[in-house]
Amino acid sequence: MPAATSALAPASRPPAASRRQSRYAAVREQTAALCRPLLPEDTVVQPIIDVSPPKWHLAHTTWFFETFLLQEHLPGYRVFHEQYAYLFNSYYNSLGSRVNRADRGTLSRPPLADVYRYRAYVDEHMQRLLATVGDDEAAPFAAVFELGLQHEQQHQELLVTDIKYILSTNPLAPAYWTDQPAPVASATAAPAATWLSVPGGVGTIGYQPAAGDAPGFCFDNELAAHPVYVADFRLQNRLVTNGEYLEFVRAGGYRDFRPWLGEGWELVQSQGWQAPLYWVERAGEWLRFTHHGLQPLDLAAPVTHVSFYEADAYAHWTGARLPTEAEWELAARRFAPTLDPAHFLESNRFDPAPLPADAAPGRCHQLLGSCWEWTYSAYHPYPGFDKAPGALGEYNGKFMINQLVLRGGSCATPASHIRLSYRNFFHADKRWQFTGIRLAQ
Amino acid sequence: MPAATSALAPASRPPAASRRQSRYAAVREQTAALCRPLLPEDTVVQPIIDVSPPKWHLAHTTWFFETFLLQEHLPGYRVFHEQYAYLFNSYYNSLGSRVNRADRGTLSRPPLADVYRYRAYVDEHMQRLLATVGDDEAAPFAAVFELGLQHEQQHQELLVTDIKYILSTNPLAPAYWTDQPAPVASATAAPAATWLSVPGGVGTIGYQPAAGDAPGFCFDNELAAHPVYVADFRLQNRLVTNGEYLEFVRAGGYRDFRPWLGEGWELVQSQGWQAPLYWVERAGEWLRFTHHGLQPLDLAAPVTHVSFYEADAYAHWTGARLPTEAEWELAARRFAPTLDPAHFLESNRFDPAPLPADAAPGRCHQLLGSCWEWTYSAYHPYPGFDKAPGALGEYNGKFMINQLVLRGGSCATPASHIRLSYRNFFHADKRWQFTGIRLAQ
Amino acid sequence: MPAATSALAPASRPPAASRRQSRYAAVREQTAALCRPLLPEDTVVQPIIDVSPPKWHLAHTTWFFETFLLQEHLPGYRVFHEQYAYLFNSYYNSLGSRVNRADRGTLSRPPLADVYRYRAYVDEHMQRLLATVGDDEAAPFAAVFELGLQHEQQHQELLVTDIKYILSTNPLAPAYWTDQPAPVASATAAPAATWLSVPGGVGTIGYQPAAGDAPGFCFDNELAAHPVYVADFRLQNRLVTNGEYLEFVRAGGYRDFRPWLGEGWELVQSQGWQAPLYWVERAGEWLRFTHHGLQPLDLAAPVTHVSFYEADAYAHWTGARLPTEAEWELAARRFAPTLDPAHFLESNRFDPAPLPADAAPGRCHQLLGSCWEWTYSAYHPYPGFDKAPGALGEYNGKFMINQLVLRGGSCATPASHIRLSYRNFFHADKRWQFTGIRLAQ
Amino acid sequence: MPAATSALAPASRPPAASRRQSRYAAVREQTAALCRPLLPEDTVVQPIIDVSPPKWHLAHTTWFFETFLLQEHLPGYRVFHEQYAYLFNSYYNSLGSRVNRADRGTLSRPPLADVYRYRAYVDEHMQRLLATVGDDEAAPFAAVFELGLQHEQQHQELLVTDIKYILSTNPLAPAYWTDQPAPVASATAAPAATWLSVPGGVGTIGYQPAAGDAPGFCFDNELAAHPVYVADFRLQNRLVTNGEYLEFVRAGGYRDFRPWLGEGWELVQSQGWQAPLYWVERAGEWLRFTHHGLQPLDLAAPVTHVSFYEADAYAHWTGARLPTEAEWELAARRFAPTLDPAHFLESNRFDPAPLPADAAPGRCHQLLGSCWEWTYSAYHPYPGFDKAPGALGEYNGKFMINQLVLRGGSCATPASHIRLSYRNFFHADKRWQFTGIRLAQ
């Protein structure tokens, strides 16, 4: 970067650079803010392979900017540490060997302080880079920059869920929030669910800026938008609640194989599942672990931390079923939910909120935020899907097998990260995300 | 069963009874015929959990008739042996506990001779029962009887593939066929594949007797027939050949992660896959294990014994993809393949035959028989799918997760068992079935 | 071998050859006799890695003679089958690669009939060879010949115990003996155990033909005879009975960690042990599986099929301990037990017999035969132990770690196979051998 | 404790109390000193089950004093935290349930700072308690107090080895010592080993204060002292060096099954062992990981971090063998080594030092400190061994199976912790301790 240009940069800096700089800073700060209540010790451990140490998240998101932007676009950039690429590459075969995923929790070094130094170093260079690149949103730089931010937001959600898991396995049941009171459980039940009818036919799903989707960014797995045929169907106007799910538990839902898929029933038996993850029965009362430690179960709040198997078994037990991905998106487009920050990461609630007793029965609630909603659709490529060349082609495509699509975002998703066309995906047995249930018929 | 009726039965036997009796006898004899070349020792072993001992297949299919027909419909029927229900129940939780699937190969008793006695006992009672039931095809009896026959045909296919696996793991590489020569490998390559175009739109898939499907029987998983939307697509007019797949092997297909799904690449590495199952390289020449023992690779024959991961990786490597289940069925209905017994179990070939050099380029070949064709569609319920009540409800529904649909039948499928709407399903890593590849675009 | 020599052989055959020929024939016949009650199917399975298929035992013992005698000493000998060395080598690294031990139960071929043909072929050639070799007992041939016979006798014991295990895992609980009645359980308790005192000091253990041990053969692990020092000790005059052990079971012995070694207690919990192997409680009555199927527990008979952990825990629970190997042998030499065939394999009882109610209290009973007696001594080399060169050096030496010594032989040991210096060895968790308990103080 | 007494205590405090107080303080400080170079993150991880997090060691040793002394002997004592007994009990079944050993590395809380607060709290109360108890060395208190100190010293050694392992698995290969230079590798080879002859006969092993052992303390497993008989034998006058072992490596020692015990050879193959733990070959040069990071191999220093299998295979390869426990102790008593602090923990070297080139050839070197010496003796009870009643009875006795005795202490052992009768014990496959080889014949 010639010095002359650099000296002139502030004056001539286009608005895009400024917007990018502040957006970058805000996203990065959000990540740091999530880790601030943690002790260094909390940032190291990995109780199960799905859960990464917070220290790793902090570094890996930084490595992403360093690898795909600074090394590509900032002339003369020198990496912060030669071995961090080995330590903090997640799964990119294109970028060489790396620490086994299962061994992330064995690494005490670099210490947290060094990881923060790494972040500061990369942030400083990113700000320099952002000051110099042009305004062209269609340039390759712009796409990868946006991807880096979205990627960091995905890891923010993982930080919330991984921290919860880490603290939950500790016999001390420590709270993440130590300076604010836990929400009080609802005094009244949730309003009864109603069924909303959706007429069938050919509709279009996938990312469609022309049809109202916010322009600017989507993941490759949301493309191409394409027609699908669905029959008439009905969807419940809210998520299934803890109270409703507790009836299933009490009715022996975890002791009767009939509503379960075969592989789900095997898990129930081999893992000893008796309730959703984090539920604990103490002296006849049900508690559950939250970011405030163990708290009473709020019967009016959406049930969460259920696997697909549990969601499907519950739906069968009620005589209903889970929606398909296409049904969910077509219904969501029809009911046009508003995006309420109270249901997202920014609320710092980290728990799906109960529906108010006076919620309008004719509207479709909790479609965005609250809980990821399991669909009975495999995470497979859309027609015409094509993965990017190079390492970023490994971002989504290679996972398109043996996972199910979840829709709508959760209380741990940044509000600016969600879209109606957004496709999240997990294996059917996973429970540590904020996953919930919406019934269809 | 009143004696009077019994005495009169032969004279007054309606045609349906007679048809059923001979059909029953023919299906049962086919199973026994498949096991005739085996020694008692061959019928006991279970080298991997997927492969059941032939003795078990012989008994389990018999148990099915005993449990669901004789015990339900033949008054005064006494089971052959009290413990056979425990030994030979496959996976029906509704019917109580059973031998662990992984332990089937530890059971030396009952010996093969007793299993044949069991078959004879049940066959004799089945013939008695068939002589007495009426002509009503819509009666519950008729449906379960038909299911029993279809079930036995499914196990005939498994016998062919399981026997192959059992013999293949033996260092002596014994042949199943000892009294007939092995087919000679093709002298010429297969005719070049051509692309057939299929126009998109809304079409109907699933079992449709009104639209030409043979009336009488389908599995519950083929229902309900329902509209689907597909875009225009192209399908190859034949299966991928050994010769074509060998190019992929030789080009390093098993050493480059790029065309592979993530879980597939992990298997390639952990299992050391270097070629399809049963392929062996000896002194630079490729052989493969068949029911005739080790034989040279026929380059013109369809490649088989590939997992979904290999099928998908191969398709990516060529720049194409696998078809979806809907595409396959809509194309199959359009191209209306004839059912050639030479490609099915009855041919006793047990190997997919090469396409003749003069096969018509404009037709779609090998759609039925030869190899099960992997689709990139999850084995999920069709809209409106409803499983049967009771134990038979466990037949299909509980497997609808983490498996992929395969279409068209194979060289080990009885010809009378296949339909255009038939949905077979296996996990993506399975290779011991006669699975093949048809490319789409 | 020239025909002329062969024709003359009977006349000029030296006594040693004749003795060897008949001894060889007798030992080989004993093996075949043990397998005669089995069906071909019984000879194939391997329910756990410790248990080998009877077909494998029949072939492996034959391979031993073929490899170490016929190939070495019979000019022009041609092996029966080129691949049998790969199939039937047990653990000799010196002799090349082999079937994994855990995979022995996956091999249906060669069938049992071929294995018997193999035995006949080798037997015929062995008889020819034996007719020609000289009388020199010190020659290398003589030592290996003797080793081959002793080796076959070891496998006779394994056949008895492996067959028992194979039949026991079958839900049909089939009996091995179908043509003879099971022994009736004792009407009276065993005579009370008494303590026999043995004065301490320096004594000699190990094989000592000069001191009364039958000359001719011992395993290398019994050498060199060497002095040991033991303190005064006491030994019980009989084995612990089922009745005594049942008190331990009923007193909660399997639910209290205190008498157990740490690794033993982990096994009790992880394996769910509640009693010795083969014990089954049905409606409040204790049965156990035998070669006659399920039979009532004989309270006067020695307890058997206990692991070292159970033997040690029982001993602690009574306030006693297990003897060391040196104590056992010094006591045995002092009490000079007679060798009663009723307690060995030849009795076809395959179960340790109860001590008669009038057994002399001052004598030491059941030292030979009945049950292998666990000692609290590691199976380590004796001072001066040196393994043989070549493949036979792998016979014993490489197992001298993590195993415990057992002494005295069992009801499945051929009577001619045992000695006071005989060292058997198993891992502390093994229970499928006829292992029992003698207390020391 | 009444205030009056407390005020008077210093004046009337008996010398024993004062001695105990300062000894307690010194031992406890040593533990803290070992952890001082660590970051909080280093104290959390558990890369393999054998290695405990340093934080856990700090807390567990404290829990020992709290549980066995403060709760028993200090009236009115209140535990620091109710759940610490669950978190920091190691293996005492008598004291209730506890965190699974394999899960110690998943616990981020309590943080390191809280663990130090726990130590300070217990230390303060221990000092109070020590001020009040009497002078009677034979009282139960005195024995348990001494055991607590010895126990803490054992964990000091584990801290040194566990920290080494933790840092070694980190791709950054961080050094524990950052403020002191690494020792320079020896310029000359070690003096050639000589054989020292020891005459056989009956000798006594075990703890014998009457025969010169320091009075005051031994573990129960060193009792009772008892006569043993050994034959004449020879022992090398120093430990095997890296240079000598490197010859074994270069000669293909890890590729030839012949010198290995069977279970050892399986480990070599399944674990891919090619050299001792921590050895790394880089561009033809051998390095090894130390507390100073990766350092060149010192050919004159004793080889360390070898399993029993490697020690035994090396000995066989040279035509020698390992000594038995009795041989080692009788020889050690004969050669009466002096205790040189340079070979122990206190040197802060944490690495066995090379023997000086001018070491006297006729003396027996490195018997104490340097490396634990593998013996070919099982860790079994001595005659007359009796474990203590209650929880402390679990200290040693329950481990007396499947482990081997090691003798002499290592460079990580506190000098005041070792005795000639000291019996250390590990499983034959363990390599993370400072284990070495001394040859016998």
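Note that the chains are named A, B, C and D in the order they appear, and that numbering of residues resets to 1 at the start of each chain.
Convention: a contact is a pair of C-beta atoms (placed from the backbone, for glycine too) under 8 Å apart; a residue touches a chain by one contact, two chains touch by 3 or more.
These numbers were taken from a predicted model, which means no experiment stands behind them.
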Subunit B onto subunit D, rotation angle from CA fit, given as a multiple of 5 degrees: 180
Interface sides of subunit C and subunit D: same vs different residues, half threshold: same
For subunit B paired with subunit D, centre-to-centre distance based on mean C-alpha positions, whole Å: 62
Subunit C-subunit D separation of Cα centroids, rounded to whole Å: 40
Centre-to-centre distance between subunit C and subunit B (centres being mean Cα positions), rounded to whole Å: 47
Junction residues of subunit A - those touching two or more other chains: none
Pairs of chains, among all present, that meet the touch criterion: A-B, A-D, B-C, C-D
Touching residues (chain side subunit A, partner subunit D) in the complex: 39-47, 55, 83, 86-87, 99, 103, 105-112, 166-167, 169-172, 174
For the subunit C and subunit D complex, residues of the former touching the latter: 91, 93-94, 202, 226-231, 257-258, 260-265, 308-309, 321, 376-378, 380-381, 383-384, 394, 398-402, 428
